[in-house]
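Shared between the two complexes below is chain A, which has chain B as its partner in the first and chain C in the second.
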Partner chain A sequence: MIEQKRMSTTSLEALFQRYKTAGWWILAPRAEGDITTFGEVDSPGDVAAGLIQTTLSPKSAVLPIWEELFRFRRGESGIEVVEAAESSVPTIIFGLRPCDARAFAALDAVFTWDSQDEPYLARRNKVAFVSIACNQADDYCFCTSTGGGPGDTAGSDLLLTGVGDEYLVEVVTERGVELAGIAGELFGPAEGMDKAAHLASVPVRFDLDRLRQVLPKTFDREELWIDQSLRCLGCGACAYVCPTCVCFDIQDEATRHGGARVRCWDSCGFSLFTLHTSGHNPREVQSHRWRQRVMHKFAYMPERLQVLGCVGCGRCSRACPVDMNLAEHLAVIAESGE
Partner chain B sequence: MTGLQDAARDLLQSGEAAVVIGFGGGSAGGARPLMVRDPTSVGDLIFDDRCVHNLAVYLLKPEVKSLGKPAIVGTQAVLRSILQLASEQQVKDRDVIALIPEADGGVRRLETLGEIEGAVSKPDAVLSPEEQNCLDEIASLSREERWRFWQEEFSRCLKCYACRAACPMCYCSQCIVEVNQPQWIPVPAHPLGNMGWHLVRAMHLAGRCVNCGECARACPVDIPLNLLNQVIEKEVAEQFGGKAGLSATASYALSTFTTDDKDTFIR
Partner chain C sequence: MSENIYRPYLMRIAHIVDEAPGIKTFRLTFQDEEAGARFRFKAGQFGLYSVFGQGESTFCIASSPTRSGYLECTFRTMGRVTTALADCDVGDIIGFRGPYGNTFPIETWEGKSILFIAGGIALPPLRCVIWNVLDLRERFKDVSIIYGARSVADLVYKHELEEWHARGDVRVITTVDPGGETPDWSGEIGFVPTVVEQIAPSSADTVALVCGPPIMIKFTLPVLEKLRFAKNMTYTTLENRMKCGIGKCGRCNVGKVFVCKDGPVFTLEELEELPEEY
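Take a look at the complex of A and B:
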């Protein structure tokens, strides 16, 4: 049972101060020129207003674009390894959208699947989510096609829905109870607040069940994948703005004396992504790489990890230099028959 | 429009072209690159103000090359790119047919590099007033301030390489960022890795950039890469003359040495 409360929008300032006093670091959407990213904020006035969606996802709070896993050096008694110091602080991600909050389940599934990824979990366990429901959407949004919605509570600790000059506050998790408790006097009873009337309308773009039925049978339909991917340039923009893409590359940055092992984001769209040392590349053409991207998110992840690898935030399609519109392509696949 | 569609149909039906690289309608009322291989699909081709991509990038993509001879809807940026690619021996005479939509709805068909040379015009105002202001502002900064400006801009870089992928002149089959023995450019998107990549990208395009602006348009985090190229092109033109993309036979600054080259740029 999700408890509901109300809070005046003017109380945000006090809420932020309360969280900061309690030792939380607050990340929220911030404008950087024409783009928006999640960055540290001091007060609600720093938060970018009127956004449908940020340019970059909040993923980097738990999976930075690059990180040192450990350092190594030549010591007197051989190679010495120094683990990276764990430096994350308790962080509230504020003002993320319900689709983004949902995305962390996909990241968790990957990083806890066969082993517990310590650097990831160290950050992940210190993150809380205070999301804001969507009262507007654009042509790229398709959360309702991937099991979410503009007022979806899954993944959020607190979900705020703007209702006039107030927020309807939904306390979703135990951590949400804690976050509400820190500022209990800012909240009142939520009677008479109509959430549904204040949510964006996001049309369903494809039938997810149908897609999941059809997709595994399309592997050998070369023409379908070529047709969809001919204009794809093979860059990594879609993967790097995606809140659920987790693929990474391991690099050693070293001199002969020592160095660091580094984890960096990677993308299945790159031609080198699966290139073997032998020279063989199992995904030699862009159509196979595009197929992998779609299959990974909509076939392999649900099959193996019981979670969809997409939350319908639409960032990939907004960022694509050549307008590879994912929802449109998925609709074509779903309707293409078996 | 119908002129373009008719020309595309004729080319595909006669087998003179295996694919027409053009524009189709895209998301949110925009346009997108479109490859038409089937003559019955030429109705999807459009051409208007929304059609901004430099389609020449597709001419060297192996997936597109493997289809057979292309025809391409030729904006000025596309024509300049073809000529520059030709001068770098990447496109040969009669490798590609350019279709130039005319104001009256008709289409001019260019079969040879010579015809393309005749149709290309020197780019003048390639920057928007906003971009020009930004460039003027950068130019007024001190050397240290300029360095900080670009450090700041590059700090947003994700290393997604959309700038590289969208650039017709970035066709190296093995880009230097992918050479790892030795590792010239650090892979991570940290300050050194980003600065390394962007310096190499800008310098490798010196004298070759046709100033289509595609790198900046493709960038998901709005780094104004075209401004950097614009300045370099101006510098190269002043030092060595010439302008990329106006001739199919000209050699470009980075590949040429003459004894009367100026060396005033060495400071």
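Take a look at the complex of A and C:
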């Protein structure tokens, strides 16, 4: 049973200060040039207001766009490997949307699949989520088609829903209890508050069950995938804004004295992604790469990891320079028959 | 705090063999002897080999798990990492992480005959199994090796081919593509599928392992089918580009099957279920 509390919106300032005093670092939506992303904030006044969704997802808090896996030095006695310095601090991600909060389950599934990815988990174990339910949506949002919703609590530790000049606060997890406890006097009883009327309406854009049924049988339907991907540039923007895309590259960056083995984001949309040294490429055309993107998220991950690789945040479609709309494409596949 | 799975073992290059033009074999010993003593792997598994500052590259473990204390790998100089590896000398330190992937179920083959078919640089993944089987020779019936390369110079493991031949308990047939022979070449001349068809090895109670370039596999598998080799007793290994080797980086999958976790060893029966994405 999720405990409910109420908090005045004017108490946010005090809440932030309490968290900072308790040693938490706060990341929240911020404007950076033309885009919005999650950055460090000191007070609620720093948080970008009125956003439906940030341009970039909060994924980088646990999977940075670039990180050192370890460092190495070339010394008199040969090669010396040193672990990268522990850099993560306890972090609250504030003001993320329910779709983004759900996305971490997909990342967790990949990074704990049999082997535990220590560089990821070191950050992940120190992150807490204080989400804000959506009171507005746009034509790109499709959380309700992927099992989520504008007021969904899954993945959040605390979920705040704006109700007039107050928040309805839902305490979802053990960590949420801890976060509410840090500032207990800011919260009151939530009797009489109802969040339903204050949530955005997000229409269901495709039938997920039908899609899951049809998709695995479409692998060899070349014409479908060519039709879907004809205008895809292979730019990878969809992957870079996606909260669940995990695919990465590993490279060395070094001088002759030493350096680091680094992990950085990659994308299945790039032609180099699967290119063999011999010149052979198992996914040699863009339609195969688009097929991989759709299949990975909606067929392979559900089957292999029991989690959908998409939360319907709509970022990929907002960011696409040639206006490919994932929800529309999925609807076409779901309705394309078997 | 658990171990960083991306941190490689430091390996000392103990020995280098120039196998063929552009192809070398390294024998690697663990710098940390305790780690080396704890290290276990099985035939068919692979690892990521790295030159610090240049990056990682994926290849099989070419030595047999029956030979402990070292690992061997055989590679062709092709890209940045293999070029850097080829520049290494005996005594240099490189990285290795693994073993990853599934294995050949050798323990289920006892009492059966084993047929190895390989082409070019694809003998290394089978060499691991060959030595494993030969080190337990009494547990198997007939053992045959059919190996081909473009030319005599391109054959890898030349000394071992002679050693296997000289044992007397292994049938070794080597072949080179037409035009690749030398005046004193005493082996076969012809492409691997043709040679297999001519020799027509018995499929009775026989496990077949086929590794080679895609074109060789494509034409060899129908020959084996004609010779009535069972699809669930015919094995090959797949290679796809990898970065992590442990099912996370997202690039080696063939449909829903991850070569790094579900492979690299597949039976022909399993292979036929896979979409064409390798």
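The rule is simple: the second predicted complex is superposed on the first by the 338 of 338 C-alpha atoms of A that agree within 3 Å, B and C clash if a C-alpha of one lies under 4 Å from a C-alpha of the other, contacts with A are read in each partner's own complex, and residues count from 1 in each chain.
The rule we apply is simple: contacts are C-beta pairs under 8 Å (C-beta built on N, C-alpha and C of every residue); 3 or more make two chains touch, one makes a residue touch a chain.
Being a predicted model, the structure only gives us computed values, none of them experimental.
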Touched partner set for A:F72, first chain B, second chain C, both or neither: second
Contacts of A:G147 with chain B and chain C, given as first, second, both or neither: neither
Touching partner for A:G162 - first (chain B), second (chain C), both, neither: neither
Which of chain B and chain C A:P119 touches, first, second, both or neither: second
Chain A residues touched - chain C or chain B, whichever exceeds: C
Touching partner for A:Q251 - first (chain B), second (chain C), both, neither: both
Which superposed partner A:Q286 touches (first chain B, second chain C, both, neither): first
Residues of chain A contacting chain B in one complex and chain C in the other: 249, 251
Contacting residues of chain B [partner chain A, same complex]: 26-28, 30-35, 53, 57-58, 61-64, 156, 158-162, 164-166, 178, 183, 186-190, 193, 214, 217-218, 220-222
Contacting residues of chain A [partner chain C, same complex]: 69-70, 72, 74, 78-79, 81, 83, 110-111, 113-119, 121-122, 216, 219-220, 246-252, 254-256, 258-259, 261, 263, 266, 268, 273-278, 280, 282-283, 288, 292, 295-296, 299-300, 303-304
Residues of chain A touching chain B in the complex: 32-35, 37, 55-56, 65-66, 138-140, 226, 229-231, 233-237, 239-241, 249, 251, 253, 262, 264-265, 267, 270, 272, 285-287, 317, 319, 321-323, 325, 328
For the chain C and chain A complex, residues of the former touching the latter: 1-8, 10, 31, 50, 52-56, 78-79, 82, 93, 95, 214, 239-241, 243-244, 246-256, 258, 261, 275, 277-278
